[in-house]
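Chain naming follows the written order as A, B, C and D, and within any one chain the residues start at number 1.
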């Protein structure tokens, strides 16, 4: 995980993590008997949507308002495979927030024993309905920043 | 497979089948070591889109024109599992065509030895961009009917 | 939904339903702006695995014991599309249980307003690790039957 | 793309690329109207399997021999979205080959106009059936190296 800003902001973002937990779906396994690696990218997305809900800026509202956070980059490092019969927890944190860009860092852990399974990062640009790069709307930006502060405080910032 | 109309139409539709062939993706397998059953539904869709291209009425044009064939029902019967390392062939045939409805029948066979793997059926209603039931546009209907006749003739009707 | 046995058993199975609830994943949507129809098959599987956990016979234990409930048939009827931003609830019920076969019925509803979205059915045969048809092991059968009775009682049978 | 070795080997690997082409599946689109970003990871895998077939060392044979190339890392950079109605071409090249590790680089282009859509990389370790790190079997290694040389020569090395 790589939170970019130094000092106070980095500490804030580090604290403002949000978790989702979900059972591994049998459909997510592959013939190696483990979860297929492509599903972690889907789990990251679920984690990021959970994070947005946790900070009070649901992604469905951003989309309904005509903007999307288009994915420009994805990275995943896999350490231990997830398996059917287990549940996984995805912890999501903001790691970049600029006028037109946002990035998130993720950890995937096995629920129960907290074993570290994978980590990763996603990078996004804000686009409008025609797919053109756009500024993150002021209200969205405001709610994201305020929500991060509240979430960090709840975590004991 | 169940083609509904009797007589001449049924014979025509039976002949107007179109095939696509594709290698099994490793991502499509599951921890039983076989292709996960949900993927056949995706393969049917690929088959149906291939069929529409074969009759000269590409689905992307229908969608661009503001209509979709929304799926109202799906049925699959699985006989022999597909496995990684194999290619599969999906044969698609029209089996219902009414002013607002269309249905297709599918066979999935293993490429190479032609082993029968699965069969199924999908039912659709035509909807507009707001998701309301709509008549299949006259031009679409005409191209579908003409294309079926041409495809059947090519097959030696 | 079609529960097959008459009289007391049908009433028992009807009562012994189990629910899971989950947010729609953005990855599950398609270019029509709704959940792609293939995902309901994956949701049914999640529902059935939830049902097995609810009756005290986790599917991961059946698999670890060397048996699988291979899918032989799937049927889905779609009424109202699910959309991103919503959560769905899958209610699963047993509708057949024989020495080598089992079948389940499903309802998918929108969490919140309980709107009916889709229903369906899956049919399975018990297979061993080599994929051969096998009797459902006695212990599995016993735990399934006992679990159904307990679940129905909890529901106020 | 980042091919690691300098000099003659890098030039060889650069030339020994293999392509697969496939139509975008409607199921691969999302509610933004474009291909969901997770599918590129699946396409990379299909590309890598195509590359192995092209060099004469099919992945299904490696798996049948009791080894897997477990994924340890994935990176994707997205430039232009793929859409339904288009076909995509994945060009795969080897970019690392050590006793226990292998890595591949990918380019995704739109068939027809060759527009650049995305690039990426996958990293793998060789594992045995119990999931333990293992040396790439000598025969596999030999066939990979020989196949690369042949493929590069065919490309006009």
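By our rule, contacts are C-beta pairs under 8 Å (C-beta built on N, C-alpha and C of every residue); 3 or more make two chains touch, one makes a residue touch a chain.
On a predicted model such as this, the values are computed, not experimentally measured, just so you know.
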Third chains touching both chain D and chain B = A, C
Ask   = What rotation angle, rounded to the nearest 5 degrees, superposes the C-alpha atoms of chain C onto those of its identical copy chain D?
value = 180
Ask   = What chain lies farthest away from chain A once each centre is taken as the mean of the Cα atoms?
value = B
Request  = Could you grab the centroid distance between chain C and chain D? Build each centroid from C-alpha atoms only and quote it in angstrom.
outcome  = 37
Remark   = Cα centroid separation, chain A vs chain C, in Å, comes to 30
Note = Rounded to the nearest Å, the gap separating the Cα centres of chain B and chain C is 27
Message = Going by the contact rule already set, what residues in chain A reach two or more other chains?
response = 26-27, 31, 34, 38, 42, 45, 63, 84
Contacting residues of chain A [partner chain D, same complex] = 31-32, 34, 37-39, 41-42, 45, 63, 68, 70-78, 81, 131
Remark   = Residue positions on chain D within touch of chain B in the complex are 22-23, 25-27, 42, 45-46, 49, 58-60, 63-64, 84-85
Chain D to chain C touching residues, read off their complex = 26-27, 29-31, 33-34, 36, 38, 83-84
